[in-house]
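Following this message is one structure expressed as structure tokens.
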Amino acid sequence: MILRLDRLLIELPRPKNPSPNSATAVQQLLGGKFGEMSTLMNYTYQSFNFRGRAGLRPFYDLIANIAAEEYGHIELVAYTINLLLTGVSKRGPNPDDAPLKDVTDARNTYHFIDSGQAALPMDSMGQFWSGAYVYSTGNLKLDLLHNFFLECGARANKIRVYEMVDDPVARAMVGYLLVRGGVHIVAYAKALEKLTGVDVGKLLPIPDISNKQFPEARQHEEKGLHRILYRFSPEDYRQIAQIWTGTHPEDGSPLQVVDGPPEGGPVPDLESEPQLTAPTGEVDPGFLQEVARRLFG
Amino acid sequence: MILRLDRLLIELPRPKNPSPNSATAVQQLLGGKFGEMSTLMNYTYQSFNFRGRAGLRPFYDLIANIAAEEYGHIELVAYTINLLLTGVSKRGPNPDDAPLKDVTDARNTYHFIDSGQAALPMDSMGQFWSGAYVYSTGNLKLDLLHNFFLECGARANKIRVYEMVDDPVARAMVGYLLVRGGVHIVAYAKALEKLTGVDVGKLLPIPDISNKQFPEARQHEEKGLHRILYRFSPEDYRQIAQIWTGTHPEDGSPLQVVDGPPEGGPVPDLESEPQLTAPTGEVDPGFLQEVARRLFG
Amino acid sequence: MILRLDRLLIELPRPKNPSPNSATAVQQLLGGKFGEMSTLMNYTYQSFNFRGRAGLRPFYDLIANIAAEEYGHIELVAYTINLLLTGVSKRGPNPDDAPLKDVTDARNTYHFIDSGQAALPMDSMGQFWSGAYVYSTGNLKLDLLHNFFLECGARANKIRVYEMVDDPVARAMVGYLLVRGGVHIVAYAKALEKLTGVDVGKLLPIPDISNKQFPEARQHEEKGLHRILYRFSPEDYRQIAQIWTGTHPEDGSPLQVVDGPPEGGPVPDLESEPQLTAPTGEVDPGFLQEVARRLFG
Amino acid sequence: MILRLDRLLIELPRPKNPSPNSATAVQQLLGGKFGEMSTLMNYTYQSFNFRGRAGLRPFYDLIANIAAEEYGHIELVAYTINLLLTGVSKRGPNPDDAPLKDVTDARNTYHFIDSGQAALPMDSMGQFWSGAYVYSTGNLKLDLLHNFFLECGARANKIRVYEMVDDPVARAMVGYLLVRGGVHIVAYAKALEKLTGVDVGKLLPIPDISNKQFPEARQHEEKGLHRILYRFSPEDYRQIAQIWTGTHPEDGSPLQVVDGPPEGGPVPDLESEPQLTAPTGEVDPGFLQEVARRLFG
Amino acid sequence: MILRLDRLLIELPRPKNPSPNSATAVQQLLGGKFGEMSTLMNYTYQSFNFRGRAGLRPFYDLIANIAAEEYGHIELVAYTINLLLTGVSKRGPNPDDAPLKDVTDARNTYHFIDSGQAALPMDSMGQFWSGAYVYSTGNLKLDLLHNFFLECGARANKIRVYEMVDDPVARAMVGYLLVRGGVHIVAYAKALEKLTGVDVGKLLPIPDISNKQFPEARQHEEKGLHRILYRFSPEDYRQIAQIWTGTHPEDGSPLQVVDGPPEGGPVPDLESEPQLTAPTGEVDPGFLQEVARRLFG
Amino acid sequence: MILRLDRLLIELPRPKNPSPNSATAVQQLLGGKFGEMSTLMNYTYQSFNFRGRAGLRPFYDLIANIAAEEYGHIELVAYTINLLLTGVSKRGPNPDDAPLKDVTDARNTYHFIDSGQAALPMDSMGQFWSGAYVYSTGNLKLDLLHNFFLECGARANKIRVYEMVDDPVARAMVGYLLVRGGVHIVAYAKALEKLTGVDVGKLLPIPDISNKQFPEARQHEEKGLHRILYRFSPEDYRQIAQIWTGTHPEDGSPLQVVDGPPEGGPVPDLESEPQLTAPTGEVDPGFLQEVARRLFG
């Protein structure tokens, strides 16, 4: 089970250029085959499905704990999309004005017809995330190899979306995720090394371009965030410390486990979009008072 | 973000009759359109996408907090499947013995080829869960109506799976979820009532058969579990108390918010299945010692 | 627009051996790529999309009118499935008896979890019918060639399902549809001939086995049903008579247009399945009277 | 079975601004999860699958009869799309001119490659309609709740497409469907009330914006169209009158059953698009005469 | 089994106007339902699945041999796409420059996120090719009719893509494929004639527009390419000569079997796209020498 | 382009226990996400999409050449399925005998309704192969890592299907493919080593069970087949020799390139299944003579 905190992993800046097509590009990092829904659900199911846990608990703890961090990643990507979509159509309650006329040409019309200018678990082409993206064979060596590959593939996607969308909110999010995804790549490389003795970390970076090339990632690495594995649990998953040992393969800095999540930032307020009746439609002046009365007496 | 606890919401009994087709039937409650992946992800995305939160925070808190409980539900269903699949093929490391010969007739071969006799996010026909099952229009009244309907549909599915699989582990799980899903139905009915003044709770139960008909549900209701809304957060989502008020529509008992999750039970140990190399293949006697040495020095 | 009649094209016998897997085989003829949903929707959309109708009205009328008959075909297949599914699980209101235990091994569990032992628009593998099965290029020659091929492919499917399920209800339905589908094959061959002068009817039968081999089809052909094109409209689509001319390519009998639908048979009553709460759950003795009072005063 | 009439429910105006992307937006109302294909097929299958009809015939009649009206809705949306697509590419028979060059940037290229500038059963993102959108559990209370929700969801989609496309043909169609869909919402609310005694109609409108806000809907409501339930059958489904009683929940006007369909309007002629060989390609001067000779002698 | 040759069927010109949306339109001819993946895989599986080959070997040889030619067609379409995508984003290694900013509005973002500006087996809407597009009933007459229809449908798609994209590389490719696809249409017509005695070739051309209307096709037909069936095998499939006999149905020229493939042209070199790290990322000056040393010593 | 040879890579034994469900299990190796369609198409598209080939030709040659071998693999798996399906239903031309009655319970009914007891590009659950299974980012390091992982995943699937189906034809096929797939794993490991200097071959075997455990694989390895890379081309792809160097990571034997394909075995004759009209239906005694006359004069 989980406890939920009403905070994001980092504080997200307000976008400078909200744009439907930018939001759509970012959707790849949420619901694409290599998006955060995939990393979240791959590790979640692998943790549920772990057989023979007794002798291999550090591996179980690692996978289960990274799964917990990934929840914060879908949240971060979803809010980035939501911020990029806020205010992109003509705001107002009168349907006769055709307030959505301009977004008829947007690449993803689900953002305006199905959701209220908000994120859905789909990719940059509007294909929905599928449970078929979860890989969980039960063979530890193969599942770890998969996870290592999955994180590298996810990194390639992040880099390309970074190159598509230069709005500050997208870059802040991608920069942070490049660093944290980088931690997961190293963690799975370490796990493979503990299991097999082979140092696959020497293959990094994959693709062969460094996080240092991305200013919004570099700033976090300069603070050492790439060498920290957070433990996202009040009491459990302590044996991650058996795997997260030694030094970082790219810069040799010492690895460190931190108990508990990062401080994080506030969950952004998303403004109403009355043309989408989100959250409500025609506002009778007395309506909200009446609701308030029913809620608060 | 979330914190993860290495406990299940209840303690699951060991199955008496592990069976591939029983496990396959239960998959509907995990990855079906009305399964727990759907309730989890519907409320999760609705909480991310909530616009105009300021005046309507009790609704946001309710949806976000129920989403958190749903995580525990996918976990419970997944472990039920995993227990029902443990030991169902001939256990042993020698492939030449055709240890999977009998399960060639099982309804779902992904359990043996893709996973290691374990759960995947798919339904009872092997169709994978899809992000298209998430509904999030941004209109609060419509989304609440959807959630009320979704929970009723989910209840119908649970009842039917209960009627298919009478193994104790499945019934313990379904019995508990009937009660907790029932809490969510009432919670969304209450939310609709706070928003509109209309008491849709009078429609219950849907389908028109009472939880009292299910012994494994009745036992929890007798302890009052159907009138408790847990707050799955250390500090947040406190305004659920503005909605979870008054009495239960079916038996008139007083509703109560409990801070924090239930005590729960241990995460079951899943035995190795060497014929599936889960978690490892041919065991060289020195292999695990060597891994242990690398892990623990 | 349409008017609906509460009658089936033929009277269906009650099944002798209701069976989930027989019903599942028959689903191919409903929701398969070459099933009746496909013929219905192909011709329906081609009629909506017909360009340059003025000079080519007989072709428009033909396609539009066959579309109307196909509606009666989905109805006939759906009721065959519903009859084959009636009574196949243990009937009774008590969930604790596990009334669905036996059907856990049925090939299609959607019949018991999603529907109330009833048809859905899916095929014999539980794949749902897709709008992608509709072909409508706007080029009349190509669309007619498609329709001719589609009907031949549909005929191959019907023959194979006939060979799978020998229950009287399935065979009565397939026998009738072989004859009526045969009329549509000839109609599209005639249309191609009117358009191009080429007599593709000489290719028939495809596959190369005669309807006379199927007793339940032969009986209808002996009554001349294979040479009749019904006009399913009170007033419209009269120019089908410009295409349905000459003789039948297989036996040389004269073709005939009949105004109006066949007499048909009653819509079967489907018994309640209380274990599925279909149509209602626990029956409080006063409940139905109360409903009746609200309905009839 | 059905009889088909060569008329539309209303007369559609010619578009002022034909446009591929407008047509694509409208596709959501045809093949989207909440489009007219869904309402048509949900009620059609629920009518086929109705168990225990004897004591509950008014509900059967209502669902079967609304299904019949929905056929006219897919027709209306399809013709709106077809009109919006007529003339949007360069018209002419010479492929070397690249007549489709401009529409290479259109959002939905299936309109130009698969169809002949015409509708297909897909949504605004080119996702095809799926049989999985049909919900039919057999439990009457649950199916009615679903239908009530489905119609509200469909209404939200219509409102948003109205806000996207302000061409007269789209607005005439959406305006009419808002009113008729509104009748269906009220009809299912009434049915739920007859079954349970609970007046869910008090929740309306959902979303919380009135049809009166849409001029093209308001004009029909002013004529009372929102209080009429047509009976789309020569002889059957008469017991709809047991449910369609009392007054309209939004304006208190008396409800009325009308026998037979509305007068309707003509089916629009769709011009040829020779660049798509729709309906024919290179026109040899003698070709059409030759076809006419074969058709009419 | 196959042998692969590092040559294309024709030499492709360099594009004059590389463009993401042109490349996307061409994808229909690769991964669409009627694209080259479909013709390749339909004939490949039909050849694997051929029953009763002994008495019908010429048909087997024909299908198997055309399958072999189709491999060259997917290659040709894929390279056309790759050439149209080369250079369409800002070339350079620095992600901070947002080199993909402009292609955020491209219709198919998979070209930039999933692939390295290169082809994938999908259609013009980004829908992936599906094995469900393979038709193989085992009934020879029906499969041949299907193939005849499939090639006509493919021809319609080629014509429409020709009308969309007038870049020389696309037109050179489509022109050639119109001719070679035309050979396959005639080949299946001949096969049907050998099997049934009916001359379906008289229906051609379908759609009713001649290849002579397309300059890039006409040039190949003037050289007689439309009357040649190549034998794509060192020693096998010789009995194609029993079917490819007589004259061409459209111009009466004599048909001819040629042993071996056409001469063909070189496989184009595709330039690096460093912004996509394709084929490598940040280039350390010594890196490629080091790789060369490891490869060549 | 390719040349096709009418031979299989090995001679396949006739099955001892033909069985629909065995054939269905084997389908996973054909159309599953990790089946031979996937390896074939991944490498085929990666070869089409290779950028910057000049300096990296050995990698291009390797990927292109392995793609060519994979074609022989889909052929081998398809014929295994076809042999396992031959004779599994009641053979005879009379539909009235219900010759397919027994296979109504088979797991995959497409084998009997869609195909003529023959293979289709789908997996063991009847899910069709999808172009979405192709991975081709253009980044060579990432694509090679993917291919290494893909082959390991494919190996896990082969092992599990081996454990399901012990019929000689399946085991002969899987045994051979374990060896040849093993060659591809090592080839991609070698390629990664040439590119990065890191010896990932030390991770093998993945899963951690040796090919030596499988008698039908061991026999080929004893003949050295695991150390041979065939060059499937008359003249091209010679630079595979720059990568396939040194020794095998599991047994240290020297690696060797062989020019040309293996000798292989005959393509099996598949008997007619008249109940499926495969290849023909009712056989008029004169029919085949007439066809022969048309073919051979």
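Think of it as A, B, C, D, E and F in the order they're written, each chain with its own count starting at 1.
Just so it is clear, a residue touches a chain if its C-beta (ideal position, glycine included) is under 8 Å from a C-beta of that chain, and two chains touch if they have at least 3 such contacts.
Predicted model, so just to flag it, every value in this text is computed and none were measured.
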| item | value |
| --- | --- |
| Given chain A and chain F, the chains that contact each of them | B, E |
| Turn needed to bring chain C onto chain F - CA fit, degrees, nearest 5 | 120 |
| Remotest chain, chain B as reference, centres from CA atoms | E |
| Same-residue or different-residue interface between chain B and chain F, half as cut-off | different |
| Farthest chain relative to chain C (centres taken as mean CA coordinates) | A |
| Distance between the centres, which are taken as Cα means, of chain B and chain A, whole angstrom | 23 |
| CA centroid of chain B to CA centroid of chain C, Å | 39 |
| Multi-partner residues of chain D (at least 2 other chains) | 107, 114, 132, 135, 137, 139, 141-142, 156, 197, 207-208, 276-277, 280-281 |
| Chain contact topology (line, ring, star, complete or other) | other |
| Every chain pair in contact, whichever chains are involved | A-B, A-D, A-E, A-F, B-C, B-D, B-F, C-D, C-E, C-F, D-E, E-F |
| For the chain E and chain D complex, residues of the former touching the latter | 21-22, 24-25, 28, 32, 107, 124-125, 127, 156-157, 159-166, 205, 207-210, 213-215 |
| Touching residues (chain side chain E, partner chain F) in the complex | 1-9, 31, 37, 41, 44-45, 48-56, 58, 64-65, 67-69, 71-72, 74-75, 78-79, 82, 114-122, 128-132, 134-141, 193-195, 197, 232-237, 242-243, 261, 264, 269-273, 276-281, 288, 290-292, 294-296 |
| In the complex with chain C, residue positions of chain F that touch it | 93-101, 103-105, 107-110, 112-113, 126, 275-277, 280-282 |
| Partner chain D, residues of chain B touching it in the complex | 33, 132, 135, 137, 139, 141-142, 145-146, 149, 152-153, 156, 192, 196-200, 202-203, 206-208 |
